[in-house]
Amino acid sequence: MFTHKKELQFHAKPERPDPVYAKKLQEILGGQFGEISVAMQYLFQGWNTRGNEKYKDLIMDTGAEEIGHVEMIATMIARLLDKAAVKDQEEAAKDPVIGSIMGDMNPQHAIVNGLGAAPKDANGNPWNADYIVSSGNLLADMRANVNAESQGRLQVARLYEMTEDRGVREMLSFLLARDTMHQNQWIAAIRELEEKEGVVAPSTVPPEWEATEFSHQLINFSEGEESAQLDWMGKEAPDGKAKFEYASKPVAHAEKPKLEPAPPYVHDTPPHDQK
Amino acid sequence: MFTHKKELQFHAKPERPDPVYAKKLQEILGGQFGEISVAMQYLFQGWNTRGNEKYKDLIMDTGAEEIGHVEMIATMIARLLDKAAVKDQEEAAKDPVIGSIMGDMNPQHAIVNGLGAAPKDANGNPWNADYIVSSGNLLADMRANVNAESQGRLQVARLYEMTEDRGVREMLSFLLARDTMHQNQWIAAIRELEEKEGVVAPSTVPPEWEATEFSHQLINFSEGEESAQLDWMGKEAPDGKAKFEYASKPVAHAEKPKLEPAPPYVHDTPPHDQK
Amino acid sequence: MFTHKKELQFHAKPERPDPVYAKKLQEILGGQFGEISVAMQYLFQGWNTRGNEKYKDLIMDTGAEEIGHVEMIATMIARLLDKAAVKDQEEAAKDPVIGSIMGDMNPQHAIVNGLGAAPKDANGNPWNADYIVSSGNLLADMRANVNAESQGRLQVARLYEMTEDRGVREMLSFLLARDTMHQNQWIAAIRELEEKEGVVAPSTVPPEWEATEFSHQLINFSEGEESAQLDWMGKEAPDGKAKFEYASKPVAHAEKPKLEPAPPYVHDTPPHDQK
Amino acid sequence: MFTHKKELQFHAKPERPDPVYAKKLQEILGGQFGEISVAMQYLFQGWNTRGNEKYKDLIMDTGAEEIGHVEMIATMIARLLDKAAVKDQEEAAKDPVIGSIMGDMNPQHAIVNGLGAAPKDANGNPWNADYIVSSGNLLADMRANVNAESQGRLQVARLYEMTEDRGVREMLSFLLARDTMHQNQWIAAIRELEEKEGVVAPSTVPPEWEATEFSHQLINFSEGEESAQLDWMGKEAPDGKAKFEYASKPVAHAEKPKLEPAPPYVHDTPPHDQK
Amino acid sequence: MFTHKKELQFHAKPERPDPVYAKKLQEILGGQFGEISVAMQYLFQGWNTRGNEKYKDLIMDTGAEEIGHVEMIATMIARLLDKAAVKDQEEAAKDPVIGSIMGDMNPQHAIVNGLGAAPKDANGNPWNADYIVSSGNLLADMRANVNAESQGRLQVARLYEMTEDRGVREMLSFLLARDTMHQNQWIAAIRELEEKEGVVAPSTVPPEWEATEFSHQLINFSEGEESAQLDWMGKEAPDGKAKFEYASKPVAHAEKPKLEPAPPYVHDTPPHDQK
Amino acid sequence: MFTHKKELQFHAKPERPDPVYAKKLQEILGGQFGEISVAMQYLFQGWNTRGNEKYKDLIMDTGAEEIGHVEMIATMIARLLDKAAVKDQEEAAKDPVIGSIMGDMNPQHAIVNGLGAAPKDANGNPWNADYIVSSGNLLADMRANVNAESQGRLQVARLYEMTEDRGVREMLSFLLARDTMHQNQWIAAIRELEEKEGVVAPSTVPPEWEATEFSHQLINFSEGEESAQLDWMGKEAPDGKAKFEYASKPVAHAEKPKLEPAPPYVHDTPPHDQK
């Protein structure tokens, strides 16, 4: 059960409106690695956790916080859109500053959302649940989480470069910090889990299921051997089970496949053309 | 530039057709973490790599291999669909074994693809590019890669449980092994990069951009303090910059937001209703 | 800012697992009118509200509650999936009860989510933000809300018919009640707003913008005049500005359009084929 | 069965080309509440109507008309794109008026559609069937319809503000009028149905299915009691069954959920990590 | 402008309900090559035609007819769903015939659409505008049309195999015939246009834009030379400009690309990792 | 199995960066008819081919080549983005040339991809598998292929018009040539197959399945008889089975459909409203 407090977790007030920047900021609201993604990813992981109450709680702590981040960015976007001029473009274009800015705002911010934020990315693609991961396997999902926080923090840093507005930058400085924390915590979790389970997820696959002769071999599918020069090549692999080996020549272990002819009732290519 | 060899990298021949299993196997072909996803993710990362030829080559080696895995699974699916009976369902349902199987196959395998594989997941959702990550930041992307290989190997393990067919299992044993290798190699890469850069991605954010007082704090947004009992809580965080601290009570650092009234030309709620 | 309480708002415990029903129940979790949709719709409407603090609060009260409903249904689905058998289908099909049930579960519940809920609908389509409405106009959005609660409650009623499980039905009885409340409250809001503004949204369009001779006319585009027999036909329209009139014959008020030829630099049909 | 008349229902001729406005106008052609949406929504509702021939006819009258509106807007967009210059951007940018306009047109209008309209929205997202509603329940669907016409008319009003072109405005004045009519007719229908059925959809749910103690209660999930001050709070609810009551403190009626451990064959978190 | 006639163009009445077949039939209603696709494709092509009134008329004749086909199939699906039992699955599964059938129907047909058709495909994916083609180039679009009618007729043939219901087959026999006509007409159009323009679309590309030394060469990118044995290999190509030639060995005409290092403000891989 | 050669098939080096053009060029990388589409379409067709090794090889030759085209365009886009300025827009807008260009670049190129290419179209829509066709029927699929190459070459020609950069144009001249070849080869294949099978796909439908009285009739659904004047009207149809005939008046061959009332358990419109 969730309750809402009207005060924001952190400041979300720009120095002045900037509808073009509002369009860009949508990326970390409703993009692939925006705040909606991490909120939903953590909530679903938490709700689906079977056992391990400590990690379930950690995930829910973080998930609930992220809904508040969605709120902060949505509020910021609404303010960046304040009084955005929405009028005849050709007229506006006579003033290059106004013209350039007006043309570049997201037209749906005015037409669809009435100067409000939308759960969409910087190109206007709607957020969708394909962005998130909830597998039931804690180690695998912690990796999804550190991935999401890494990509997310990278995007915040790039957006920080794109504005001089002190109010916007203040909010982004908070998001950078929280993404630092979240990377730290998921990495700490991964280290603890790897210590117990080993590094290869899932750790429950019995060795006899696996063609282990292929488990530590880099195969040179892209001509040229630069990758053989990597420092860790030839050394023990992270799973501690063997050394990395380098296979210069890709080998085809199976024959050329030849499919059975199609039965007539599927109306594939007729027999005379199958020859 | 890519060239194709008709022999398969590994065997992809089931003992006998099984159209219901073909539907399930689609997940690791065209699902969020299927082989198309890793192939496309690695290829785009490789093409976009600026500098670091060793890692570029490693990524391209792996990307090119994965196209061959798409080929193996597509071939397996086509064979699992061999001679799938496609006829009146009610008639078939009189034999419960046939009826159950027929009903459960993916209808598009027959209607749309003529007993062939499709770039779709186990529920028939088409593959889309929102599944992949290519950010230009090597550490961040290596994390995306270890995430993808962890989720992917987990799904292969689950699919292994769902069949007794020795031919299918043989192919899956190869995929398990390659996913082991790929997890190993991306983890090795992450370790090398973290050693040089530090663990928080991107590592190029100057400290003065970040509200560092929030960079190591777990905030208890989900009532109950189980997460405070985690072994690593209170200890040094992976970035080595501070200890994890635990904040029992979430604090709102900003005021309740109040947005400006909408200008009349956007036809939001009229003034008398805004009060 | 949002905080989470681990206790559920209401019971979400089935009498016994039922993976096939779990698949169906996904509709009111992650479908077009599922709980994710109403939660996100209300939160975005609330965050974007400019003025009218009473309605903003009402919307936020309801939005925060809905996240808790997502949680209840996700929990119920995880329990319906408890110990779902996931094995060789043909083997299972020999027992028609098990075979039929196993075949009909959502394969991603096992392969992708490890027996957990997903933000998807009953056919496995991922939730997406195209399902929601946040326009900045309060009257228009209240109509979106009563629409969502009507469709949502209708789906809950249908799902109630599809199970005999007393635990599931208990949860659905709560959702039916809350959807009753939410329909009631949005209707009350609409009535209040219509009284102040009039019934046609947006109410701020000046009459001279509108070709008002077409504002009260039903045009008989589908041959046959059954619709002319509607009780309210010929009577005063809800906006009180005129009576409904019935136009038996559709009239074309404009000429047949003829587009300019394409300029050569777009490589449309070449001139000789444009004739 | 449908027949086409080449004359347009109303004028669709701009004073002069304006490719930037063409991009914006796409919203009411192929956006969430564009004309394709209402056309498809009404046609599917009509085709699926079981009984009630008067309403079926009303719905089909309106659905057939809306295809003609799609035609008008598509024609307008093609004309707004007439002779759109499509050339080297940097060259063009030297003239700020031309540069701004060229940069802001939808690039697919030139590259993909050869200066023609597309079934997409103002950001180029393709129209999809998730935008529409056809539930089989007449009252519920009438609410979907008044929602669609309210959002649609709001967008037309905003687009009217964004142009000074008299030809475009003439077409929009017609669309405003038809949306007025359609709001009026769906509201009249709702009133008639509510009078017969009651206001809560679907009206066929027996009271014993519903936890009616929760059917009239506003729960204060967003701290602060502004919503308690709404005029209608405490008064009889629209369904006439009880007064609205206000619950200041959200109550959790169920225990904290604890899921069963995952069976080993799904390879979720292994037992030692579940603790 | 479009008008509707309530009589159907052709019969759409099954002998008896069959909800499982209803699910499959959705493919030719709302799938990639279903009737919605051809209707929308032809209408947009017609509306965007610049000049050539004869072809514009042909396209509009066909587009308007296709809306009537959508109507026929939607009606058929509603009837196949008549009285579909929608109840507890486990109970039903005791009768293998009923159980198998119930489990295999599209759950959204009951939960979302109230036993009506939906604009979706056989796996429940919503129709979307990415399925259609309208390029402004008549020859190119005629090829899109013959493609659509070929895939569409193939799917109708496969669906014909999957039922014994005489009512369904009667409707399909009509659709097969109309798809024959439409293939014939688009092929006739292509032949006429190719005769005037030549076979390579668009025909307006000046030869000096094209690296013509690569315009007639098959390059053997897939090892093995079976394709060199094709009857037409070595003979004059359809464009009449040269003979087909066969290049046994793929040649790389450009160097290995090396991208510039990323500027620091995008926070890609930092300099020490770029080496 | 696929191997990669680091040298490009052809040059992909612009004279100078142009981030706005990079956005447009995305269309032929990740759009509906971009290189990813043809690569995936041919690979899936090849993998699913049952019999006919010559055509399978031809398809695989072409599919493998197309992955190399994806590579060329991705490389070109990364170079067009070299050192793209990514900073405060309002500041930049003071210089109209820079301002216009910066505003028009795809914001995700900087925020998400770190100045790299993405598998998306010119409006930022992610590539998805609904763009491709693989039906199992060779004649039908060859038509899909000639369609794809026609639309693709048309888009390349339009993009050629939009730049003066000699490096970009050089790459496009190669793509124009390869699209010429691919149109030629698929047309040659179609001609060979049509000669053996006849022109109507699939050719395996027995005549008694088809209501052949409707197989050669153009029905005048769009009022006005321009289409009757087409040169080929009245002449023998391409299938050689009859002459094209022209039906001036559309005829409804079936009665007005009336659906059965809905059973109460689906909670459609209640009985009193069904009347």
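Labels A, B, C, D, E and F are assigned to the chains in the order they are written; within every chain, residues are numbered from 1.
Criterion: a residue touches a chain if its C-beta (ideal position, glycine included) is under 8 Å from a C-beta of that chain, and two chains touch if they have at least 3 such contacts.
The chain list, named the UniProt way, goes like this: A, B, C, D, E, F = Manganese catalase family protein.
These numbers come from a predicted model, not from an experiment.
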Steps needed, at minimum, to go from subunit D to subunit E via contacts: 1
Chain pair repeating D-E, as identified from B-F, C-F or B-D when over half of the contact pairs by residue number coincide: B-F
Copies subunit D and subunit A - interface residue numbers shared by over half, same or different: different
Relative to subunit B, chain with the most remote C-alpha centre: D
Chain pair showing more contacts of the two, C-E and C-D: C-D
Most distant chain from subunit E by Cα centroid: A
Rounded Å distance between subunit B and subunit E, as computed from the means of their C-alpha atoms: 29
Whole-Å separation of chain centres (CA-atom averages), subunit A against subunit E: 32
Chain centre separation (subunit E, subunit F; CA means) in Å: 10
Shared interface positions of subunit B, touching two or more other chains: 1-9, 32, 48, 50, 60-61, 63-65, 68, 75, 78, 86-87, 96, 100, 103-104, 110, 112, 114-115, 120, 123-126, 128, 130, 135-137, 139, 154, 157-158, 161, 202, 204-205, 221-222, 224, 250, 252, 259-260, 262, 265-268
For the subunit A and subunit D complex, residues of the former touching the latter: 1-6, 48-52, 55, 86-91, 93-94, 96, 99-100, 103-104, 106-108, 110-112, 114, 120, 123-126, 135-139, 193, 196-197, 202-205
Subunit F-touching residues of subunit B, taken from the complex the two chains share: 1-9, 30, 40, 43-44, 47-48, 50, 60-61, 63-65, 67-68, 70-71, 74-75, 78, 112-120, 126-130, 132, 134-137
Of all residues in subunit C, those that touch subunit D in their complex: 5-13, 32, 46, 53-58, 60-65, 68, 75, 78-79, 82-83, 86-87, 110, 114-115, 125, 128, 130-131, 133, 135, 137, 139-140, 143-144, 146-147, 150-151, 153-154, 157, 160, 169, 172-174, 176-178, 180-181, 183-185, 187-189, 191-192, 199-202, 204-205, 209-222, 224-227, 229-232, 237-239, 244, 250-257, 259-260, 262-263, 265-268
Complex contact set, residues of subunit B against subunit D: 154, 157-158, 161, 265-267
Residues of subunit D touching subunit A in the complex: 18, 20-21, 23-24, 27, 31-32, 96-97, 100-101, 103-104, 121-125, 154-155, 158-159, 161-164, 221-224, 250, 252, 259-262, 264, 266-270, 272-275
